[in-house]
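Consider the two complexes below, in which chain A is the common component and chain B and chain C are the respective partners.
Moving on, here comes the complex of A and B:
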């Protein structure tokens, strides 16, 4: 579990100190799926980098709980404990071939040659990237590049995977493919997932959603609880999924119409109206 | 043709020939040695041992000859310019003259010699980069520079910078094409008019290209850090390689060819 305890982060600018995040308390359980949403400039990316250990908080602690019974904690190590996948796949692939890029993080971990070969093979197989192992990154589609980025992170065997708007530059087909891959990894490997996104359809797979507004935690609850609270929706400037918006419109005529988050839920609820 | 396909020099041509399978460090050392040999020679005939070795290397590599021909294309202008200058402006015994324009015997010999020198230098480089993957090449550079790390030269970092530069060449070329298309669609006239106008028309391409490249570099630095990279920290190597018998043959062949050039120059 990753625990954030009263985490604040401040940057110095020419105009003075700017408080990016203030007193954030969160607990991300192992194997869970969480989401971070909020308007531009609300501190989503900063929070993701704090959770991954890339940034150190100005005050408070970000710690990895190793043993719940003995309360043994340690600092989060980037890549090793938490892997981070960024928005633009072109700007995170380092090597000239898929295989070499996956091995990049392993070389940094100073693993033996045999261990590296084994891990690269495992990850190529897991993500179905074997046919592309010798491909240079520029010959891959956007979705394939993002899968290679995930593979490079995954080879380091982190406990958590953070997707920092990792699907925002992809077309719907590639976006769906990347999300399905991530969900499969969560299901099969038990890897914890944190999705930082503007696309609230992606949030629905999360068990809890963190809503940030002006660097403050506005909500930390289930997607249904968050979306059904108009004050949080307004504060977080959230554009609800289409089904949820349609549900609110229907509630103006049928007050007992439920909040539907998916098209399937909406179809079922609509059928029951007649 | 797309910009990214125009440049053969530096492009890898994957294969399984013995040239491909031989050690990158050996090939790099051989290439440098052959280049020294090319510069040591003072007469065209002295290039024979190098030409023999190079032709053998090209044939054994099974890389199509048109790939090498494409490698010469970018320097064609330089070759023509140099040859013309040498032919017409070298003093000596005049063998052809129209008005004040003349060709001398010495000029022709010198032009042929420089033509051979430029072509050989290019072909040797193309054979190295075509038969060696960029990552192997950068590892080889790192190995070659390793002794300098004792005096503070960051050999591993230099190799990584080279590798990243090669990784981003196609990406930056694609970005350049995108920017050109975007500017042309907004009415920009790229490469038209006088030399000054043509130079000016590059500004709307270069500025966004620099901005996006700096942003890309910043993102890449964070992504590398997120994958455990720290400047100066030791790293292991994914591509482990051991010395093979073919490496010995390549080194011996190179040594023989360059020795041949030196002996020819000294005694013949």
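Moving on, here comes the complex of A and C:
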């Protein structure tokens, strides 16, 4: 489990110190799926970097709990314990071919050649990137680059994977495929997943949602609990899914009409109206 | 006036081992003053197409015509075309370099030889268009803004030049839902006020349904559809074949029909859908 204990982060600017995050307490259990949402500038990316160990908190602790009984903790090793996929793949791609790019992180792990080749092979297959293995990454489309960036992180076999809007340039089909791959890794290998996102369907796969507003944790709850609480929706500047807005409209006439988050759920619920 | 592509092929590394047809036989027509969506799966050629619209790439075969000017690698032609077509690239804020937002937004105008007064006026107007108060923002560093504000500044720096055609490649990627809607609404207001043409490349079908009357669908480098957006989204088979998905309003309308609900809705946009739902509910005699 990754445990955040009273984590604060501040940066110095010419105008003085700016508090980006304040007193964040979070526990991310091994193998869990969580989402981080909130408006631009609320501290989502900073939180993702703190969880991944790329940034150190100004105060408080981010630790990996190794043994719950003995309370053995250790610092998070970036890349090894937690893999972070950035928003913009151009910030993450370094090599001259897709294959080399994926192998780049592995070269620091002192793996045998055979093991490296195997891992690169595995993630190429997993993300459907085999046809592009010899391509220069800069020649790929934005969405394809995002897949390569995800592949490079997955090859490190981290116990947590953080996607910081890592599917923003993918088309709907590819986005679904990448998300399904991530969910499969979560299911089969028990990789914990943290998704920083503005997209509703990515929020709905999470068991808990962390809503940030102005650097403070506004909520840490299930997606349904978050969307059914108007105060949290407002603070987190969340846009309600159309189905939820339609549900509220029907609740004006049928007070016990449920809050629906997807069109399918909404349609089923309307058919049960008498 | 319009932008027209006539049988355009674009081949990366022609004749080399990595030869790759990014565009094949593209013919299309974009009317001045339209709000047009360009959609298609990852790698379908959208960004390559965009780079043809102001001569960053030249067709391997075929012609790109902007207001009767055939784009060619001629300095005079290129200067003319680029004065008419502005492009906002993916994650444009990565290209920020100036110390203040004013300098950032003014850069393009100065390149086009605007006078000091014209620069001032264009910068102020562009900032207002994207919903940022010039008095508050212009003296700040672009690097101290939030992601949503940075994106708006990047868009302002193109709008300020005052081109007739503005192409935006995924302008809302990475923006929160509120900023996404706001940015597009600002572009729509600008279009109505100045008759500028907005060409929106997007993976977000909800925003395409909401803002684009016309849509161009690319599939594997070719045009799979070109026409009214609601016609495209009414053809589920085509939507799926091209790797796209239905907007939420269309999904909702279909789901209602599929389960035989007595409620019917207008799917063309979010607001219309909610309004029609209200009517449908009172028709049913909801208490």
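One rule holds for everything that comes next: the second predicted complex is superposed on the first by the 267 of 274 C-alpha atoms of A that agree within 3 Å, B and C clash if a C-alpha of one lies under 4 Å from a C-alpha of the other, contacts with A are read in each partner's own complex, and residues count from 1 in each chain.
Keep in mind that, in the parts below, a contact is a pair of C-beta atoms (placed from the backbone, for glycine too) under 8 Å apart; a residue touches a chain by one contact, two chains touch by 3 or more.
On a predicted model such as this, the values are computed, not experimentally measured, just so you know.
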Report task. Answer with clash or fit: chain B and chain C placed together on chain A by superposition. Result -> clash
Query - First (chain B), second (chain C), both or neither touched by A:54 - result: first
Requested in this report: In the overlay, answer first, second, both or neither for which of chain B and chain C A:39 touches.
Outcome: second
Query raised in the report: A:137 contacts which: chain B (first), chain C (second), both, neither?
Result: first
Requested in this report: Considering only the touch criterion stated at the top, classify A:107 as touching first (chain B), second (chain C), both, or neither.
Outcome: first
Report task. Look at A:165 in the shared chain and tell me whether it touches chain B only, chain C only, both, or neither; answer first, second, both or neither. Result -> second
Query - Partner chain in contact with A:152 - chain B first, chain C second, else both or neither - result: first
**Report entry** Which of chain B and chain C A:116 touches, first, second, both or neither
**Finding:** first
Requested in this report: Look at A:90 in the shared chain and tell me whether it touches chain B only, chain C only, both, or neither; answer first, second, both or neither.
Outcome: both
Report task. Would you check which partner chain A:80 touches, where first means chain B only, second means chain C only, and both and neither mean what they say? Result -> first
Report task. Tell me which region of chain B runs into chain C after superposition, given the options 63-71, 81-89 or 189-197. Result -> 189-197
Report task. Could you pull out which residues of chain A sit against chain B in one structure and against chain C in the other? Result -> 88, 90, 134
Query raised in the report: Which chain A residues qualify as touching chain C in the complex?
Result: 13, 15, 38-41, 87-88, 90, 134-135, 139-144, 165, 168-175, 198, 237-239, 241-243, 245-246, 249-250, 253-254, 263-264, 266-268, 270-271
Requested in this report: Using the touch rule from the top, collect the residues of chain B that touch chain A in their complex.
Outcome: 4, 12, 14, 133-135, 163-164, 166-167, 170-171, 174, 215-216, 219-220, 222-230, 233-240
**Report entry** Touching residues on chain C, where the partner in the complex is chain A
**Finding:** 12, 18, 20, 39-44, 46-47, 90-91, 94, 144-149, 170, 173-181, 203, 205, 243-245, 248-249, 251-252, 254-256, 258-263, 270, 273-274, 277-278, 281, 286-287
Report summary line: Interface with chain B, chain A side, in the complex: residues 49, 52, 54, 77-80, 83-84, 86, 88, 90-97, 100, 103-113, 116-117, 120, 134, 136-138, 152-153, 156
